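Each chain gets a letter, A, B and C, in the order it is written, and its residues are counted from 1.
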Amino acid sequence: MPALTLHPDRLFPADPATRDLARRLHASVRSLPIVSPHGHADPQWFADNAPFPDPAALLITPDHYVFRMLYSQGIALESLGIARIDGSDVERDPRRIWRLFADHYALFRGTPTRMWFDHALHEVFGIRERLDCESAERIYEACAQALKEPAFLPRALFERFNIEVIATTESPLDPLVQHRRIRESGWGGRVITAYRPDPVVDPEFDGFARNVTQFGELTGEDTTRWRGYLAAHRNRRAYFKSMGATSTDHGHPTARTCDLRESECHRLLERALAGTATREEAEQFRGQMLTEMAGMSIDDGLVMQIHPGSHRNHNPRVFRDFGRDKGADIPMPTDYVSALKPLLDRYGNERKLSIILFTLDETVYSRELAPLAGHYPVLRLGPPWWFHDSPEGMLRFREHATETAGFYNTVGFNDDTRAFLSIPARHDVARRIDCRFLATLAVEHRIDEDEAFDLAGNLAYHFAKAAYKL
Amino acid sequence: MPALTLHPDRLFPADPATRDLARRLHASVRSLPIVSPHGHADPQWFADNAPFPDPAALLITPDHYVFRMLYSQGIALESLGIARIDGSDVERDPRRIWRLFADHYALFRGTPTRMWFDHALHEVFGIRERLDCESAERIYEACAQALKEPAFLPRALFERFNIEVIATTESPLDPLVQHRRIRESGWGGRVITAYRPDPVVDPEFDGFARNVTQFGELTGEDTTRWRGYLAAHRNRRAYFKSMGATSTDHGHPTARTCDLRESECHRLLERALAGTATREEAEQFRGQMLTEMAGMSIDDGLVMQIHPGSHRNHNPRVFRDFGRDKGADIPMPTDYVSALKPLLDRYGNERKLSIILFTLDETVYSRELAPLAGHYPVLRLGPPWWFHDSPEGMLRFREHATETAGFYNTVGFNDDTRAFLSIPARHDVARRIDCRFLATLAVEHRIDEDEAFDLAGNLAYHFAKAAYKL
Amino acid sequence: MPALTLHPDRLFPADPATRDLARRLHASVRSLPIVSPHGHADPQWFADNAPFPDPAALLITPDHYVFRMLYSQGIALESLGIARIDGSDVERDPRRIWRLFADHYALFRGTPTRMWFDHALHEVFGIRERLDCESAERIYEACAQALKEPAFLPRALFERFNIEVIATTESPLDPLVQHRRIRESGWGGRVITAYRPDPVVDPEFDGFARNVTQFGELTGEDTTRWRGYLAAHRNRRAYFKSMGATSTDHGHPTARTCDLRESECHRLLERALAGTATREEAEQFRGQMLTEMAGMSIDDGLVMQIHPGSHRNHNPRVFRDFGRDKGADIPMPTDYVSALKPLLDRYGNERKLSIILFTLDETVYSRELAPLAGHYPVLRLGPPWWFHDSPEGMLRFREHATETAGFYNTVGFNDDTRAFLSIPARHDVARRIDCRFLATLAVEHRIDEDEAFDLAGNLAYHFAKAAYKL
């Protein structure tokens, strides 16, 4: 029976001198609170504070990192309990789902999912044997039992994880009922929202016209006209801000921005609402909205996040049968230098605007993002995102971006996750990798040791607070 | 006189703890047989089992890695004995060719060619002094003498190299006479073919129409019509399969795939045969054929390999004077996310299809290939190819692909070589680098040590056998 | 008060065995003279040999690496003393500029600017305390005092830096008065020019038509006609050569080359001069001129350098207010495989031509540049350029290019700087990183130790001399 251990030196380099300094740097930041400025936690967890149903529903079924890998090796999504859109039968027994996952746990060797999962089992559930087909049932039972205890309720875990603040992301159409319930509950945990307008700014989003109509009803604005449509955004942004939001988030296919005349904007809106916008017009509309959002951010102070470059729902059969976010999103080459120019030409030199850029295309770190962020006052670099939220991904980010952008044009770590139990694991990985990178710089005499300690605290905690105004 | 040594720790990292584990991992796989599922060995070697003529003809003249580097430094290909198409005079004296190469051996410092060459000299010929202008003649003599001995005949070397199976690649027009001779010889070595249809699926291939006519004659199908043309493929695939083939191989300029209506396919075939296809139509025809080949693979079980992204014959003067494969092929940026979509839309979720993707564009490892292979059941990642079949190239592949695709969506090592004596050297490099990568993961506590041992055997041997159905 | 130290092991890896060899390699090259074959030193420094005015004017105001980072964090360029085009007021007090810089010195942690700046303070000025807000004034005073001493005059520093030869870059319209003054002064320092024809080969260059007119006047050629225009180039190239030039330099937006008929060239020139050339025609004209320059290089032996891939003046407000070269140039993806083909088709196999390629797009190192340089006799790879002239950038270059291009298709180091005092620092970084890379290869038994020593001298000194014919 192989043991499950979390080695205290995990993710630190083997060289003894570097490892020693990495350890000391990490010791100085490991107890800092978690600031989670961007993620996909469900606010209902904290509003209801109900027990999580079972280990599979908590750890496997909602995690697209997990089931995409299993699917890639020929395991049917149905057998993992992923709901089909047609409502037809899928596996319901969490024990069988868990067992299937455990049988294939070797697939995750060398992936961050493995590290996050082990971290959750070890730290949250106190498991001390490695997951495999032999241990699967014992571990399931232990986790299932634990989830019934008060210490495993969402708010208790939130506190145990030492989360200072967590931001969720919601559509402008979301009434933010759960956030209101959390506030009114008297519980001290800080759960805030972020303004993610994709459903009403992307003409290709499912139900766009219907969404914009609802957007108008919600705000009392005439969203069929350009000015009314913009006013509706201002209205909802203000509401989101009143519910704690300090940021907006924009998940576009590209980083394209536009700066069109008002008459042209109005025409694009009309065509988008009529469903007659071409792909190019849809792209222009989204691009114009990034520039508009930047302008509104100058007024209301919300920090802007741009997450471009994913070919969503690349697999039409999976999309048809299971819907969005089922592990079939694939990164694409992403241009920033030309794409951002219209927005930057207009707002790039503002002092009151902050735009955090993310990418799924690592080639742009040294070629585009670091040079842009190392010049434009409005730009900052978000941490490695999605597939790159991993030890190697984080190291590449620091190695490629730091020499041109420095550390101070970066914004600390985002966990960006739907998997609640992975939050401490992800922050732990990020802190370890950053400490490792800093230790390497110091041991190679590229920075001084006192600077490494100062930076470790910034990267683990202070930068995120400052960049997101938290 | 500098010594030639193969240090037992070569390619292992300097850190003592990591090196120690790398050593132990390597010791566990170093004696595993070689599985060579993709390469360009000449089956005639094993059919004739005749002595190799001389050291230059064996080691220098056929190796485009070798003469491209010499050419880049101003050495005429003629002086290396590379045959001119016009039949005009080139160097014929193998001693002079060898000497010229030895004089410039320093050019290969830091390249894999240097490691492969040293390995062949040391392990195959027992040479113990480093090649340079001073030692050139002695080494030539020793090698030339050895080549006359029975122990240096192709079959003897095959056995000494511990090759369990080797696949060559042949055109559908190849009668596979050599393979038949090998089988009929009673020799126990397993030499199989692979179906490489470029000459009859690429309208821009030299002599395409003539090839397709011959293809029809060979199969008794009417290859001037789309259905007959497809039937001819099925016919030859079956024949290749009967000669041991377990795979097909497709060397296209891009990864473009198409899924066109039959009438359109027929029209493209007609234009291709008439020599009136535009570049775009030629590209569509190749793209359609990838999808057709995938469909046939579902039926006959042949594993499909796609090798895109080389700008072949970039240098028109070299092509005119010396022909194909003379070191003038240059990689290009290669898109997979859009290019493969038509094929994947049709067959991406099949359980009975396996497509192994290669690339010459390392930027796609983390951005496209690992995310695709980490989702689609039909996709696997081939090892680093061609210019990237090198220590740094292999490390980059593992570092970029593993966190998203895992190890189990990769297929072990291919040597892909025309240089017979480099086969053990190339597998040795691959095993060392994989053990090094695994040792690093284990020493940094990212996988457990027993997992590293399990993976080492998979990467060195078992994955290739399974992926290629060998 | 934190000390400023330059650790003797800086930039060497932590592993003791590797570090030890890196140290020994470095000791063998550290005293070699500096060969600076490409840069932007101002020849007037050496012609006048007047004292540098003050520390800010020497170290801060002219260095776009410095002020782009400060600007990215919201510091106005005016407050750094950067002159506005409208002549309106900017900070004039060098002490205040220095202080502002020192207050934000932490921004440069982990950047090469920090290493270069510390090196200059430590080695040139003998400073032994770290720059920060507390030490700023003391350090300013010490530097300001030093600059008044004879030992800090430009020629004295040139000699103290052990510069064997330095090349500046000048426009064909430059009369090279300063170079002539240097020559006529009897001073022994070797300061040569390089032919940088952007102002007269780029139709989009400010004042192109005016420049070409002046070009005609200067040379007595009819530059309104294609043949006269080419003759003017030949004329000025000869003059530059007479003033020591051994190279030309071409800073184009892309690597596009053309090989057009003469009538088409003439038509493009006419349209360019008339200001009616489209963007595409301007691009063709520049591309044609690269091919023409290559042809002239075959005749006159000047080595050709191509520096493509920068989106110049990306920030229109900064360009309007402050002009060119103000830190707002951003790299773009750059194609070489197709772009260089017309030139290579014509001249790629010449023995008397040498073209040194640079890039701002690191993705091309392994995909395009190393394969091209590893085949074409005319091509060599320049060192990592601009944003990539950094420890990580240099390591990536060696790791990505060496296995395919070898060391011998590279040309040593260029400092490429306007910041005179950073020259020894930059060469120091390059030598250390190259020694580190070589040490790693040797410790991993990928090259022999004697080869590492041989290569260290080549990379530090001999390759640059040979490649630039110095």
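Operating definition for what follows: a residue touches a chain if its C-beta (ideal position, glycine included) is under 8 Å from a C-beta of that chain, and two chains touch if they have at least 3 such contacts.
What you see is a predicted model; the values in this text were computed from it and never measured.
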Apart from subunit B, which chains still form joined groups through touching: one piece
Interface sides of subunit A and subunit C: same vs different residues, half threshold: different
Cα-centroid distance, subunit A relative to subunit C, in whole angstrom: 40
Per-residue multi-chain contacts in subunit A, two or more chains: 13, 15, 363
Subunit C contact footprint on subunit B (complex, rising order): 2, 7, 9-15, 68-69, 71-74, 106-112, 114-115, 130, 311, 314-318, 327-333, 360-363, 387-388, 390-393
In the complex, subunit C residues that touch subunit B: 13, 15, 17-18, 335, 337-338, 341, 344-345, 348-349, 351, 363, 366-368, 370-377, 379, 399-400, 402-409, 440-441, 443-448, 450-451, 454-455
